[in-house]
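Scrolling down, you'll hit the structures one after another.
Presented sequentially are two complexes of subunit A, the first with subunit B as partner and the second with subunit C.
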Partner chain A sequence: MNVTIQAPQTAPMHDKTPQGATLRLRDLVKRFASGPPAVAGINLDMAADEFVVLVGPSGCGKSTTLRLIAGLETATSGDIEIAGKRVNDQGAAQRDVAMVFQNYALYPHMTVAQNIAFGLRRRGVSRAEAKAAVAEAARALELTDLMHRMPGDLSGGQKQRVAMGRAIVRNPRLFLFDEPLSNLDARLRLTMRTEIKRMHARVPTTTIYVTHDQTEAMTMADRVVVMNAGRIEQIGTPMEIYNTPVSRFVAEFIGAPAMTFADGVLTDTALTLGNGLRLPAPATPHRGPVTLGLRPEALRLASTGLPARLELLEPLGAETLALWQTDALGPVWVRLNPRPDLRPGATGCLQPDMTRAHLFDPQTGQRLT
Partner chain B sequence: MTPRVGDMLTYLAGIVLAALFLMPLLWLVSLSLRTPAEVYLGAARFIPEAPTLDNFRQILTDGAFGTYLWNAVKLCALGALGAVIVATPAAYAASRFTFRGKGPLMVGILMVQMISPLVVIIPLYRYLDRLGMLESHLSVIAVYMAIGVPLSVWLIKVGFDTIPPALEEAAAIDGCNRADILMRITLPLAAPALASAFILNMIMGWSQFLVPFILLTRDGQLPIAVAIYNFAGSSSASTTQLLAAACLVAVVPALAAFLALQRLIVRAIMAGAVKG
Partner chain C sequence: MTGDRRIWLWFTPVLLVLGGVFLIPVADVIRFSFSDATLLRPVTGYGLDGYASAYGDDSLPVILRNTGLFTLLSVVSLQAMGLAIALLLVRGDRRGLWGMGLLRTIVLAAWVIPGIANGLIWQMLLSEAPFGAVNSLLRLIGLAPVAWLSDPGNAMLSAVIANVWQGSAFSMIVFYAARRAVDPVLYEAAAVDGASPTAQFLFITIPQMRGAILVNTILVTIQTLNTFDTILALTGGGPGRATEVLSLNIFNRVFYSYDLGGGSALAVLLLAISMMLTLVYLAVLMRKGTR
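And then the complex of A and B:
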């Protein structure tokens, strides 16, 4: 009979606690046989025990970057330094990193216990020591009752926990996640998201977490790295990325519902949109053609402003999202209080808060200040 | 046509096929249980009046017979093992690496399979003669290996294809070098494919007649199939019942082993298929 004993929240996983390593990427490039480079010159400095999320659309080079760091791909050029030492020429086995794969990649012919112990045993940890470490990891991840099951008999969430157990038990210098939650249902994804963050708080390790989900990026990261077509668009804290996106790409990708964009011309006195609508000029020295970006919270219902017709409501409980159709901006999302006294088809006016407006160069997409 | 009629036709075809293969076998059983006198009654006495196990006793107590059986097992098993050992690295490369000309190479390997040993047996004989390898089990085993390799490469490659590369990558990150990965992850997971290839080669070798018949002549080296043939050719019809018993003893263990192992293989492959 197994009795699950919850480890105290503050207990360290191991007695010996080598902290996570620093990571430095210098002009990292990866070119495959065909097509444009998958990774086209990336620079990144990570502090020890930092939690960084790589986010971007599918195919932008996130997985390739992670696999380069893990040693599963060889870099075309550039340097990868772990704990200040160049590791380009080391194989995956020597880099002492751990990775959680999208499909978990559990060894199907081994029990849960053997799966978790495998890496320890290969690194020469004695059987007894490995057993103790595995038991501890199992307790932390509530896997104790599953230790003798085969991976084929586990649910998606349980496999996910085993994959994490296999990674944390080794106390690696770097912890790599490649879209670990994308195969789970929405509820489980939320639970595991919290779990991963709690694990990181309890056992701090330098962590790179790859996702295409901007919500995961915003909620989990110490710092977010937004990638686009093999390059880094922006690095910053979630709030920096949200509040001052450096490009239209970042502004579009981060934040849900998405930012609304409209082209216009900025003069000393006003910002004139394409259809002739004049808005107060935001405080900027810039003049000429601009792209205006407004987040849902930069617009509110008012007695004057852009005429709009309510298309649909999305009640979320704590707030309600409203999609308005406007002549000036097209469809725009606006955040409303939870129980607005409105029905689809209603008309009203939307007042933009120009102090919260974002301006981008229409040609380059770069932020204008 | 309703599914039910389709089912019935399938069963009918199955029964006809089974009868086709079972009749000679039953005929053998019938002959092997007869006394020498009854053998002359032919088909009229399908169920012998005085069934006897005497023929089997006589065969099984004959020391030479045991030697022939052992020779057959040895040649088949070592030939099959050799083929699997040679085919495995080739299959791994075919499954995991991309290189120029891989498609044509794989088709070429399969085409070797289509060459009957009959076609090459004369040059093969002269070739082995030059090497001084006639009259040796090693030469027969080598030929069995060569015959078994092409199909084995394909079978094992397909087995490797079903193993996600991510498992090997996970093992690399867990600290394994290439050899470790192969021994601890890839080969264990390919076990069903390796076993299938081995058993298929065993069966091919067991039904092999021409190669040992040509390459071996010394009596003590002959496998059972060739020994029975020689026996039949050299003795009078009064030994028909002994011949039948010998054939059964040679065939039935192979059949039984095949049926037992086939179930095992199917189960292993199914386990692999649902592990998802």
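And then the complex of A and C:
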């Protein structure tokens, strides 16, 4: 059966005049009193209305980068340009950006309506105009019934929506999200993820979203920026990052379950792993020691291949994740179609698909092509 | 129902302690206020004579006016000074300035000085004799000396200055703790929202510190209403009755005139004023708080 999917005639929103501003970071460095720099020379160019996710482990400098853009920290060196204008010397109040904080940072002594109106009022919008804008934002985020509640009486998801309302009501040039979903339960996180994406489609604004959750990064971003130790490891679309990670770090960080790695030596004819197992050589001019990386979908169950014993199963419904113990690769995650017959303890053979293998330099961790 | 009865079990220790150190003495004062007791002889009879003599005293209106003025000026200045020093300290802490601990200690040093000593210190500083430090300074910069303690208007001001100098440390501690407890992310959110430092002070700091301001207002008011030692040492209530406040009048009545009954009758008035002001503050600030 052939199903054709038609591409939209025009990109739904982006053909409008952009609402957001461009953002450019040049050699941005932030050094705190002690230790290595938190941000160690970052370069990033963002188009207007683009949705970029900064992702990385704790302490990689992603939140500091966001705070530098917001004006909550002062850059040690480098430039921050919003809409082509250097803003390093402007305070947070002057930059016309909006930020959603991890703990929502709602003003506890103000009602929901007052929280949302606060930024408008401080920017000199009249009471009547602010009221209309707040009502509109409240409608968009389904907050209308909560307008007279205090933040203390709201649930986590409601607080999150108020924090977003406070941000969108101002039509800022930049939207900054600092791990906004990390305090929510798993189900609500999914809902809010969709809601944020939907909001971005409806009201496109240049958005920078910080998270340590690679799933959020993959699902939300136009482009993902993977950060490590204050530097950018890789910038690319989610699929670029997933399919061609530039380093072992990126390959390890993006994708769940994680990629399996094994050291070996590549010759003209074969890739020989540490324990002597020989695999077909992938198509690459490179020779010598390499680190092989295999994603869970690059292995399949077969009659021949690496002998393996099933350790545990994670049935997810549409697919099943299986952790196999092998002599050659150690523990390996494999993505399988649901297999009701498989039980932990079962033995089988795993066949790696070497066309989907990733190779990295064992010393530098950089990708080998 | 058993729950209700068990509550009393929990309350009993508190009631015993409070009753022992607070309620019984208060009850005793009220008993004395209806008696003819003096410091020299015990109660021989009960009646309203104490109230009649104390409340019929011609000087009472002046004393109440003094008390009101002294309390009003002190409470406003104590809060303002305490808040100013506390915010300065927090700012210094945030910038990692050297000597913030020292500054805190110096401010606190004033607080641990006994009221009598405080009165004496300020009496020497404000003295109109040649060794008076403040007037010497004024002379040094070419200004005329001020009659700090002998002019009735200035004497009240001097008493307020001495009280504020000593009492600001307490307000500072309360406000410092309250300000430190405000979540710093609120200021970040406000900054991103475009709030100027003044707006942040008005819309974040003050509302967030409302509870502390309420408590501090009550405590500082009661403390000021009860202050007589500083004034006793500074001016003795003079010149004339210019700085004689109610608590000093009670002290004089009981310990110089030995009139325990009349003194107690006025102490009941002082208690009533304290409680009334507390209720007013609670009503005003709680209503705003739950708006």
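Simple rule for what comes next: the second predicted complex is superposed on the first by the 350 of 369 C-alpha atoms of A that agree within 3 Å, B and C clash if a C-alpha of one lies under 4 Å from a C-alpha of the other, contacts with A are read in each partner's own complex, and residues count from 1 in each chain.
Quick note on the criterion: a contact is a pair of C-beta atoms (placed from the backbone, for glycine too) under 8 Å apart; a residue touches a chain by one contact, two chains touch by 3 or more.
On a predicted model such as this, the values are computed, not experimentally measured, just so you know.
Q: Here subunit A is shared; do subunit B and subunit C fit on it together or clash?
A: On the superposed model, which is not a single observed complex, subunit B and subunit C clash.
Q: Identify the partner contact of A:Pro238: answer first if only subunit B is touched, second if only subunit C is, both if each is, neither if none is.
A: neither
Q: Could you tell me if A:Gly165 is touching subunit B, subunit C, both of them or neither one (first, second, both, neither)?
A: Neither partner.
Q: Counting only touches as set out at the top, which of subunit B and subunit C does A:Gly61 meet: first, second, both, neither?
A: neither
Q: Scan A:Gly152 for contacts with subunit B and subunit C and give back first, second, both or neither.
A: Once the two structures are laid over each other on A, A:Gly152 reaches subunit B alone.
Q: Where does A:Pro180 make contact in the superposed view: on subunit B (first), on subunit C (second), on both, or on neither?
A: In the superposed model, A:Pro180 contacts neither subunit B nor subunit C.
Q: Considering each complex separately, which residues of subunit A are in contact with subunit B in the first and with subunit C in the second?
A: Comparing the two interfaces on subunit A, one with subunit B and one with subunit C, the shared residues are 70-72, 91-93, 97-99, 101, 103, 105, 107-109, 118-119, 122-123, 166, 170.
Q: Using the touch definition up top, name the residues of subunit B that touch subunit A in the complex.
A: Within the complex, subunit B contacts subunit A at residues 164, 166-167, 169-177, 180, 185, 188-189, 274-276.
Q: Using the touch definition from the top, list the residues of subunit A that touch subunit C in their complex.
A: Against subunit C, the touching part of subunit A is residues 70-72, 91-93, 96-99, 101, 103, 105-110, 118-119, 122-123, 166, 170.
Q: Residue numbers of subunit C touching subunit A in their complex, please.
A: Contact set of subunit C toward subunit A: 183, 185-186, 188-196, 199, 203-204, 207-208, 210, 289.
Q: Enumerate the contact residues on subunit A facing subunit B in the complex.
A: For subunit A paired with subunit B, touching residues are 70-72, 91-93, 95, 97-99, 101, 103, 105, 107-109, 118-119, 122-123, 151-152, 166, 170.
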